[in-house]
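First chain A sits with chain B, and in the next complex the same chain sits with chain C.
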Partner chain A sequence: MTDTTSSEPAPIEIPEGVWSQPEVDMSAIEEIASVESVRSVRAFASLTYDYTPGLATTRFLRAIKEKRLVGERCSETGKVYVPPRGVSPVSGMPTTEQVDLGLDGTVVSFCVVNLDFTGNAQEIPYVSALILVDGSDIPIYGLVREIPYNEVQPGLRLKSVWVEDSEMTTSFENIKWWAPNGEPDVPASELADYV
Partner chain B sequence: MRDVAIIATAQTKHVRSATTVNEVELIQPVIQEVIERSGVARHDFDFTCSGSSDYLAGQPFSFVMTLDAVGAWPPISESHVEMDGAWALYEAWVKIQTGHADTALVYSYGKSSPGDLPRVLSRMTDPYYEAPLWPTSVDIAALQARAAIQAGVTSEQAMADIAYRSRTSAAANPFAQLTTSAQPLALMDEEYLADPLRRHDCAPVTDGGVAIVLAAGDKARSLCSRPAWIRGIDHRADGHHLNFRDLTTSPSVRIAAEKAGVANGPIEIAELHTCFTHHEPILRSALGLADDVEVNPSGGPLAANPMMAAGLIRMVEVANRIHSGDVSRGVAHATGGHALQHNLIAVLEGEG
Partner chain C sequence: MPEEATTSGEEDVLRAPLVLEYPFKRTTGPVIGAFLTALREGRFIGIEDDQGKVLCPPVEYDPASGASLTKLVPVGSEGEVLFWSWNQSVRDGQPLDHPFAWAMVKLDGADTPMMHAVDAPHEVMVTGLRVRAKFAEERIGSMDDLLCFEPVS
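Up next is the complex of A and B:
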């Protein structure tokens, strides 16, 4: 626990209005007048967890190590979810049928990132996209590269770009990024259900 | 006040570590089972409320993922409490009282196995004076047990008797985790975990979940042959700082029991959220239970303690015995925080 009284910047000025509250009048307590207030304390805490991915996610992660993308189908709606979590969010029933998906996909939405987030190795600007993998019904998150950022648009066809076979693990990071596969764009009308 | 009843229940087989499944895979079969038992169609619930803790899961907004098991599409009226499921039931009960719902699905679950539970629970303490010292839940309970022994509320022998009785009672509970116990005298020979607590005085670390369905008035009567009516329910909190409290008594339980009307009729069974053996005499006294009232016939949390679910399971255990006709009136207790800080009391009754 560290007292950061002297090293921290002054507190943010809070504007008047609904977010502010009146300063507490402590003038009656003389002893407090000369005490420097502690603006913040930093109390370090860390907890270690052994995370359990579960049955469906385990199936997905085992497959991705073999350069396969596997979704799971809802028996009631027929929708294929990826990455699968074991339960269809629409029917509430377990997904039990594994479905091999393609390794290509389609941009359904994207954003151009111009902020250099701490710890982010990407050169800015870069493009984050929601990508509908062929054979699935819900888009996944991915990075789009090998195309100027201002040429990315919904409907753009992409291929997944993977790490070397020798580097493959049970991790989503096996896909380094997505890049144009040269196919014609998918019309926006065909993506209406996924935006 | 509207008449509201528990009309269906389901729970997991409670285990030390459900390593193969994630949380939604853990709770989905229970939710499916309770929905089927209730006779209410999945998309016909007027309200859904759940209880769980991100600190157990080790990830933010973890409850959103388990909503998959409800089938929350098209969007539903839904809420969540970062508390035991007994408080999710309370929120649903209030929702029904306001007239905004006639039926409600309530569930809660906890997977304590991924983390170090006593250390995780230390994060509930005051962030300036207590949390930096990392007092575990067992440390704090031991302080309370010591105070209770010194005040003559209980003894190490009485605590061993409670541990033995709870775990042997659990032999008849198909969902319990611990169902055997050495004789009390042998338990007394064990090493202290945190003096005066031995291992048998502590509830186990458990993964599991529970779900119930609430319904109002004639809706409940049409769906269930013998609904477990919630005749009274109230919750109260004692102070957060341990040193502000007399740990050997529970004013919050006493007041909640008065408001819930525990004394308005005979109590046949009591299911109490006793995470440690010494909680039982403190609760018995605060509830004003007669000496012949059977406590925790299910084995209680000392036999299975899924965090965030163990309180709601107390209501389920009383409700099940009312549904079956074995019992006409019982009391259920749930607790949150350290050393019985926050307590909920519900009186459940059958009709006829």
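Up next is the complex of A and C:
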């Protein structure tokens, strides 16, 4: 798949000594020389995978279809990981205990996004945050909305905002975004282990 | 995350297609840009090398001497199959959705061939076959503007 942006600005002048291709002689092809030149192409490099998330994340995705967030606990450290990968990254042991988490969470850190990049559907600026879901020990990424971007701060309490029940699938995209839940902020000292 | 998950029998583990796409934007430079501009206009151009031979598709540098090439020249939209290979199992993203020949086509006025699809039955394919370019109706200045070659009837 390719397409072309024809409304390109004229090429900038390249400083002396910097490599550039020489001008071409188009005198033999005047009909081409007289129309607007193609200067760039879109070249999509597309990789199609047959993706399987594995057994533990399958359990997580099945639960999320039922509007539940489920983590899995490390038997040695007691830490709860979400989304679960089936193994504790600390002890290397399988995580066998499933733990029901809350549907609320706390901002651990965040980023105000001001750049509009290709494929991005969000209006800028928006806030992408690391959110510690209640009952878990590792934050997940989420979009924070329903609050001005400059009022987001670590410790902000959030609720998850979900798609309609009829639209629920085995996808993390069931959570549309996160929004303030009205509870008082969590003191930064309580988040020290998660930053 | 899977967009549309399905279950694979015995393991009961989810599975789904996942497409990772990088929307690269590339500058063409003046030579390839002129070639794509010509395609958009429904024609071909080549470039003259040091010896006066015409290379099509055009390249920026002489393959033998490495000298910069700049002299763009018109090339015909018909040509001759120099050699070819039959593609029975067509894959996604290939120019045609049914079996076709990959062929090296030397266009009239060019001295080098370009590789592209020839849309012809297997029994019609032969070395020396005369073919004509088939262009897309809506052209935007990309390789996709050239759909394939077809036998000259």
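Points worth noting:
We adopt the following convention: the second predicted complex is superposed on the first by the 147 of 195 C-alpha atoms of A that agree within 3 Å, B and C clash if a C-alpha of one lies under 4 Å from a C-alpha of the other, contacts with A are read in each partner's own complex, and residues count from 1 in each chain.
Here is the rule we use: contacts are C-beta pairs under 8 Å (C-beta built on N, C-alpha and C of every residue); 3 or more make two chains touch, one makes a residue touch a chain.
These numbers come from a predicted model, not from an experiment.
In the superposed model, A:170 makes contact with chain C only, not with chain B.
Of the two partner chains, chain C is the only one that A:35 touches; chain B does not reach it.
Looking at the superposed arrangement, the partner reaching more residues of chain A, out of chain B and chain C, is C. In the superposition on chain A, A:51 contacts both chain B and chain C. By the touch criterion defined above, A:43 reaches both chain B and chain C.
In the superposition on chain A, A:68 makes contact with neither chain B nor chain C.
When the two structures are aligned on the shared chain, A:89 is found in touch with chain B, with no touch to chain C.
Comparing the two complexes, residues 1, 41, 43, 45, 47-55, 57 of chain A contact chain B in one case and chain C in the other.
Of all the residues in chain B, the ones that touch chain A in their complex are 18-25, 28, 31-32, 42, 55, 58-59, 65, 67-73, 111, 113-116, 119-120, 123, 127-128, 131-132.
Here chain A touches chain C in the complex through residues 1-6, 21-26, 28-29, 31-32, 35-55, 57-58, 61-62, 118-119, 169-173, going by the rule given at the top.
Considering their complex, residues 1-5, 8, 11-31, 33-34, 36-38, 40-41, 43, 45, 47, 60, 68, 70-74, 92, 140-144 of chain C touch chain A. Per the touch definition, chain A reaches chain B in the complex via residues 1, 41, 43, 45, 47-57, 85-94.
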